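Shared chain: subunit A. Partners: subunit B in the first complex, subunit C in the second.
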Partner chain A sequence: MTMNTEIDGAAPAVRPRRRPLLRPPVAKLAFWGISAAWFVLVIVPLIILFVFSFFTTEYFQTVYTPSLDTWTGLFSSGRFEVTLRTLRVALTVTLIELAVGFPFALWLAKGCRSSLGRAIVLALLTIPFFLDLSSRTIVWRAILGQGGLINTILLSTGLTDQPVDWLLYSEFSVHFGMIPALFPPMVLPIYMAITLIDDNLLEASNDLGATPAQTLWRVIVPLSLPGVVAGFVFTLGPALAAWVEPGMLGGGFVNLLSSSIESAYTALRYPVVAALSAFVIGLLLVLLGLLMLILRRFGGAGLTLR
Partner chain B sequence: MKDKFSTTDQVQLTRRSLLQSMSALAGTAALGSAAAMLPGAARAADMPVVKAYGVPTAALKDWSPMEASIGVRCELSGTSNDVGVFMRDIMASNLGESTDLFIFESGTEDILGPRGFYAEIETDNPELTLWDRTSDDWKRSDVVTDPKGTQWGVPVIGNADSFGYFPAKLGMAPDSEEELSWSLMFDDENTRGRVAFGQGWAYSFPSAALYLKSTGKAEIGNVADMTGDEAKVVADFLIERKKAGQFRTLYGAFEEQIQLLTNEEVDVINCWEPAVREANLVLGPDATRYAYTKEGYFKWGHGAYVAKQAMERDNVDAIYKVLNYFLGGEYRALQARDRGYAGPNMDLGVAYAEENGWSAEEVAALKATEAKVAKKFSKPFVSTTTPQNSADIEDQWQRFLNA
Partner chain C sequence: MTDPTTEPMLEVTDVVHKYGTVTALSNVSLSAQKGEFLTILGSSGSGKTTMLRVISGLETPYSVKRLRIGGEDVTDVPAAKRRCTTVFQNYALFPHMSVLENVAYGLRIRKVNATDAAAQARRALAMVQLEAKADRSIRQLSGGERQRVALARAVVTRPLVLLLDEPLGALDERLRQDMQLELMELQRKLDMTFVYITHSQEEALTMSDRVVLMRHGKIEQSGRPLDLFDRPQTRFAADFMGYENILPGRLIERDATLGLVELAGGTRVRGTLTNAALQTGDAVNLALRAERIGAVAAGAEGLDGTLSSKVYRGKYTDMLVETPAGQLRLRSWHGAPGETETLHRLGWKVEDAVIFAADGT
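Right after this comes the complex of A and B.
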């Protein structure tokens, strides 16, 4: 290892210069080709989306006269609140997942010594991916409803004399339904990142007198940041687009972005859909920018998988 | 079953269709040569084909009676009940190039007819033999004509939707046919917190408007096509009721209607009639009832519309045979028996059942359906999926959802 070489007092090892994979003209061509493809496939649709948000819809037909009506309509119809509510719910779920998922991933990667046990846990994490989300979600209704399992237990044990209403058809039930569904996308990338941390580093930290908390904060967290970022993105994205849990467990009282877009679409209101999407993309860019700024405090090197 | 919100049904239908197609393919591969030798199969293969696109509600569970009756095969590609998806498919994907008939709930003809996607119905087409005896209540209804009266479609099926309720919980006799007020849905202290309301604007908004208009609480011109200001009044009312805790839930799909009734999560729900029947299969006869109402119903109908391009093809006769079949007794009887839906010329359905040896109970059920629909259709307002002010209405509905 380079560190050992330096400690031994030997001359610093000169890292051999790697030959570039592609010759400069080819590399340049590849760069511009990929950039052009990126521009056409990603940026152009976003520009069109943004432009479309300045049109309106009349009687199921798009009126191509630029105006701010669609954007002002976002506020008068309460769709602006839908966007903020969606962001709030998605972020809350993501942070809860992170709070629960990180210790779990740490235990799975470094604490669980039985390979069979680890295999079983990983299987339990991945099996839900193969089951229909609607089927998994609708089960909660039978458990959380007024005549459901939990209320039956509460009533029969005398803990309450009325069914607890907020267990179902509330923001609580939407959060509750989303958390198990989005647990694997948060845990698996973090687990992968922590698995890649060399055990020698943890031992070295211990040998140098660091407490477990210091090892966690100064070694494990920075080195697992790529997994944390991936888990954050993989969880936040589906949470923003969630429609099964809000639809089935929200009882129509938790109107999120997906159902708002769907409702607009039934009237072929493409500009409203475009404005909502553009607004969310803008908010996401701000959010990810903030996230990157925060993570830079831990060191940019931790953000790559090299 | 009228699948306005149900996605699962469509998926199930799609899966079923896929499985049926795969089974058919497998069968064809295995028995291809033998099947070709069967005279019936050979006849079916030689039949003219009419390609249809629309909601599967209008489809027969088995098309073979139609093939035997009129010698035409119908291939229906199912779509969801989302009018946006349906119209996008026709306008943007130019489905008329490959499809002969479109079948959908009322409203699309007002837009797709004048814009040149539907062909005007030739009411004097020689294959349309039942047209003259079909009552104007059906053939000239808003379901198949536009506001100018142009005939864009042929009526297929219809019903008048209201709400399901538990007579015992409301202190009524189980067999009561008393006309109830929509106030049970919106305004009644006894049902507060025990009501499920559909969360689709096209289905639920008009019922609330109908209630406010009928009780004099709001001045509304056309319940099916409110202006933005009228929709705002209705939305304000609904927001007030929502905040007062009137609604236990705003449901989204047909399966939810059944579940909410069967687990007795609510006492009243604006829903499709089949949901009440399904719930009673679990809870017992007449445990829930489908209301006759004082103020009126959400009257809906499905029409069959001919693609403009189809009139240039060589199967126009076959298309009109299918349209005529939709008006006939066999289709009427089968639809009423299998799905409980009514339509034009119910008397022909009863006659068909009697002539073909159906049981007395089945004939009586057909007659009951005929009487029920006649009673309900005497009340006001026919719904549309495409109100002129859809953008304003949808905005106001969002305000209600977000309140």
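Right after this comes the complex of A and C.
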């Protein structure tokens, strides 16, 4: 991720090393300060969460005796199926976002020549962050429902003789609801990464005989990988934990891990909540690990001699 | 097939290019032979970079009558398919590839298999003395080394014409002089047509077979380096080629090559005409280099003057002398006799004073 910032820096052998911005004691203090804050605010709650998952509940009371009951119960109670479904939905949504988001980010960064146009698109991309997710999601009910906009149009034009029922309260509608919500987190990091690619590199590639497709594959894609990874994380995480869309557009038919967490929470079964959350985090880590492995294996696709 | 010895390797006729309402190139034509080192010289905004981009195909000109590379019409050929490559000003090396991979890029694009591509790339790197750093990352290279990688990458595909866009601009003085010599040697070895862009007259004079001086999107003057250096045809060219003294006057008399000019203050001096079309009575400028002026005996041809300031600059001494025709700048090498002499009258060789039309600026 540092490759673009380092293009300008000459080799240490020729130019004396740039003086660091902060002097050593200040830098050291800042490092340890931030590390400590991060540990207290992020890591400690996670550890507590993880520890909680080894307790059990009896009569709505948490029993503080370590046991594996919660974890074994997790896998014996059919939640394995829920996990697989959650994974499938989250990955499908993330891959669709990537397929749509990458070309869009490429266009926005390199194809859109008017800076006004670019500013407008970027503003539009951030608007969803200012609106509540549930109010944005619930609108789809009026559009996708049996008596909704689409079915009304289909019926009145005679394209179908009865309402299409898979549009709402189905896996389709859950995917459909998540895609617009998770589009900005995928597009923005990729857009940033592509913006940082010097136009000169693209011209050099063209000048050396590369077709646009070759330039895309050998220069743009490898140089935008940091953005793609970031977009993947920012999209997959929320997709795994999504509960608004499955709740509002799944209509109780699409059970994901988030709804399991919610029902456990309402039943005051905190160890189950902890175990499920830890499990989601674990899943995310495993998926990211896999992604890193894949990138290391195929990330060299842009290189010419492999 | 046309005869390759007479057919120019690069031929551009009447390029016009506009950015919006700004005309960047107006009817520029130039050509270069095989193995010629052609330099396009000009200050920023002169259109020299635009010219290069038009040749490389990175810029589509507004109109062009003829654009041929190696005898082939490339007007509608995209940049990727033209047999010319560019060495970019900031090198434009791919940061995610090693040195070797950068150099092999053009070959891999042309579907040369990996082994052959690596071998050819290594040969190209050896040519620029960088074979030992083939597996380094671009980030580990110094400016001069990056420059060489960019060169190797551009020549490895054996283009007919190599375009260089101020390639030495970012290097320090010492390195720049070394690279100039290296570039000339490389060009001779490859027998390739080089089109070199620079704003430095020193670079242009050192390296080129021919220099094209550009200004405001037009060619101001072109010719062999010495022609430009010693026979500027306009005030701009004289300024650009470093003539410190440009005196206005009127042409009184002329023969085939020499002219007599009456300067302000009434002094008449002789000089060399750079343009055969000058008529007696024309307003002209007489240009003199500071280091070509010296003290002469009273009564000899020249100008009377009194020294008004003297600045010692290490290797040489700069002097300002007031004369009836205006202020003159003189420069003499430190230790040369001119430095300590008292100045009463200044003179110069008639071939060192050049006369050109005063019109324009």
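To be clear about the criterion, the second predicted complex is superposed on the first by the 247 of 306 C-alpha atoms of A that agree within 3 Å, B and C clash if a C-alpha of one lies under 4 Å from a C-alpha of the other, contacts with A are read in each partner's own complex, and residues count from 1 in each chain.
As a convention for this text, a contact is a pair of C-beta atoms (placed from the backbone, for glycine too) under 8 Å apart; a residue touches a chain by one contact, two chains touch by 3 or more.
As the structure is a computational prediction, the values presented were derived from the model and not from experiment.
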item: Which of subunit B and subunit C A:S134 touches, first, second, both or neither; value: first
item: Which of subunit B and subunit C A:N200 touches, first, second, both or neither; value: second
item: First, second, both or neither for A:P222, with subunit B first and subunit C second; value: second
item: First (subunit B), second (subunit C), both or neither touched by A:S76; value: first
item: First, second, both or neither for A:G252, with subunit B first and subunit C second; value: first
item: First (subunit B), second (subunit C), both or neither touched by A:A210; value: second
item: Of all residues in subunit A, those that touch subunit B in their complex; value: 56-61, 73, 76-79, 81-82, 134, 141-142, 145-147, 169, 247-248, 251-253, 255, 259-260, 263-269
item: Subunit C to subunit A touching residues, read off their complex; value: 56-58, 78-81, 85-86, 88, 90, 92-98, 100-101, 104-106, 108-110, 114, 117-118, 138-143, 145, 153-154, 157
item: Of subunit A, residues touching subunit C in the complex; value: 3-4, 6-7, 9-11, 13-15, 198, 200-201, 203-211, 214, 218-219, 222-223, 302-306
item: For the subunit B and subunit A complex, residues of the former touching the latter; value: 8, 82-85, 87-88, 111, 197, 199-202, 247-252, 256, 259, 263-265, 386, 388, 390-391, 393-399, 401-403
